[in-house]
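Consider the two complexes below, in which subunit A is the common component and subunit B and subunit C are the respective partners.
Now for the complex of A and B:
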């Protein structure tokens, strides 16, 4: 047999065993420190509680709420449809599948926004896109959405509109009574009949 | 970094140009390997010429090992590579039909074009039959449609199917290929009596 064939065969064997022996190289996708800094300093990652409330109310299918507090806190109170991924197990095998789903917008939240921000940095370094932080966390959620403060009488129209939205959202999330005039759902229909007239009505 | 077109590093419009260049290279290699001769190709079935097996096995090996190292270096994202979905039953039937065509005509679709390029009359006849077959298949497609899409297993790789890593599968595959090279060489020697190994 030609010697060159044997050399080629050995070369292939060496290359293949090389592949086999190489350690798994993971996370080469993680972003560079420069890129991370650029994303950290700008505030585009923050969503306000109002934006989050609106997304929940509208049933936005791309919204993935992630509660990064511990399990106890999560079961005590959390946002509707939120999943619980404690900060210390964000890299665990069981939870990793929640991130990096195509077209999903992951929103981290905790009591304030420190833990959520930390979770965001970890997720960012892992190269995930479409990740956000709920600004102010659940404390801000309670203050703005659950117990909204009515604005001063001299406040702008926008502030009043925001207050109206928050009041509505509060009712949505707490199941509070709507203070609308009570009715049994049926309204009397008043029929207005045109008066008969013999005069031909004006056409053009 | 890669793949270049899905990542947008090369604009999508270039894919036809790249396909043309790759097609020319592929045709050149087919012709250079002697695949424009239907005797060489049909030889696999009679045991006197295994060049088809060797060339394609080698191409697959180079590709597997190369992609393995590219992935390790982070030059290519294997998740973005298109993997043809697997339909076991229709694929087995298709392979049998293809094999019958192979052994009777001595061409596969690609090699029939290389043979046409050097003016082989049997290749022209084969290609005519190929288009006739495509036409008949397309017109009668609704009849087989349910079988055609039967048993979709999704984009499955052999490594995933057996639950082993792609690197391990590459290694096993190389062993299989090297054994196949040796065995086919022995068969060829016995059947052909005179074998002139290609000098390079």
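Now for the complex of A and C:
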């Protein structure tokens, strides 16, 4: 046998062993830190409680509400049709199947928005698309949807419309009777002034 | 001489072939695109990071920084130039969030890390700084912390930050209501006094929290 062939064979075996050093292939496509930062600094991931309420009421089939609080809190109270994925087990095998479902819009929520936002950043890094955060979380949900506050008499028409929506939503979600609104008298006032564009009443 | 392979007749040729082959591989390895920024934390480590809640700076700690007692902290304002210009924490640097990963800024952060400096980032509220803080931590900048309450809380308590030691309205994460009870008793929307249904609750943070007043 020719010596050259032996040398060549040994050389290629050595080179082939380099394949062992290649990193393990991951079964999900993480996005790069640069992309993650770019997405993180945008505010497009936030949905208002009103938007979420509307989607639930309309029975939006693409809505996937994810409660990232712990199990105990979830069973005590959560939003209708919400599923529970505690933040500390968001990557656990039992739960990973809830994410990355085609056409589903995942909306994270927690008591306020910090924990939901952290869940969002992790899910974003994992490359999941169509994920959102409910701004203000359940605290804001109670303030705006369950216990809406009547806007001031001088408030704009939009604010009254928003209030009407919230009253309806409150009934929808609690099955509560709403006492006779005192707004009849207010609507009779015809004076309309341009208001300073203050923050919308009751917004979070 | 019949049927002899070219390599067997000319050893030099073999040598040249091998040389070219190796040269191609070496060039390939050298020009392989290695990303400038790499995650230092795995996704699972990131989950552990956010469940630990260690990397925070409390507003009362600002007092020592502003008075110069604690000079190992650099404050970075991640809001845009406009908002920074309207008002910012004294001595803070402005690096708008969108430019945080620019090469210059990364170099600066690396320098600060090597010098043992702590970097505290803040936005208008804690939420605004939360995402950038998480990205930095995932990149391995374990000297980066986030300011609780953000600029809004600072502005509200400017000049008396030391008094915020027992204040806890800036702490986030806890429930402001007993949701189940509120939802069950929300029968009377118009006449419900917010104060009646609010309850002092214990949050999962380090301190007890009263109901957070103000926005969500």
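Note that the second predicted complex is superposed on the first by the 151 of 204 C-alpha atoms of A that agree within 3 Å, B and C clash if a C-alpha of one lies under 4 Å from a C-alpha of the other, contacts with A are read in each partner's own complex, and residues count from 1 in each chain.
Following the convention adopted for this analysis, a residue touches a chain if its C-beta (ideal position, glycine included) is under 8 Å from a C-beta of that chain, and two chains touch if they have at least 3 such contacts.
No experiment lies behind these values; they were computed from the predicted model shown.
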Contacts of A:13 with subunit B and subunit C, given as first, second, both or neither: first
Contacts of A:36 with subunit B and subunit C, given as first, second, both or neither: second
First, second, both or neither for A:2, with subunit B first and subunit C second: both
Dominant toucher of subunit A (residue count), subunit B or subunit C: C
Touched partner set for A:83, first subunit B, second subunit C, both or neither: neither
Which superposed partner A:149 touches (first subunit B, second subunit C, both, neither): second
Common ground on subunit A, meaning residues reached by subunit C in one complex and by subunit B in the other: 2, 4-5, 15
Subunit A partner contacts - residues on subunit B that touch it in the complex: 61, 65, 68-69, 72, 74, 77, 167-168, 170-171, 174-175, 177-178, 181, 185, 197-200
Interfacial residue positions of subunit A with respect to subunit C in the complex: 2, 4-5, 8, 11, 15, 30, 32-34, 36-38, 40-41, 73, 76-77, 87-88, 90-91, 110-115, 117-118, 121-122, 125-126, 135-140, 142-143, 146-150, 167, 170, 173-174, 176-182, 203-204
Sites on subunit A touched by subunit B in the complex: 1-2, 4-5, 9, 12-13, 15-20, 22, 25, 28-29
Footprint of subunit A on subunit C - complex, ascending: 5, 7-8, 11, 14, 18, 25, 35, 37-39, 43-44, 46-48, 50-51, 97-98, 100-101, 126-127, 130-132, 134-135, 138-139, 172-177, 179-180, 182-184, 186-192, 194, 197, 203, 212, 215-216
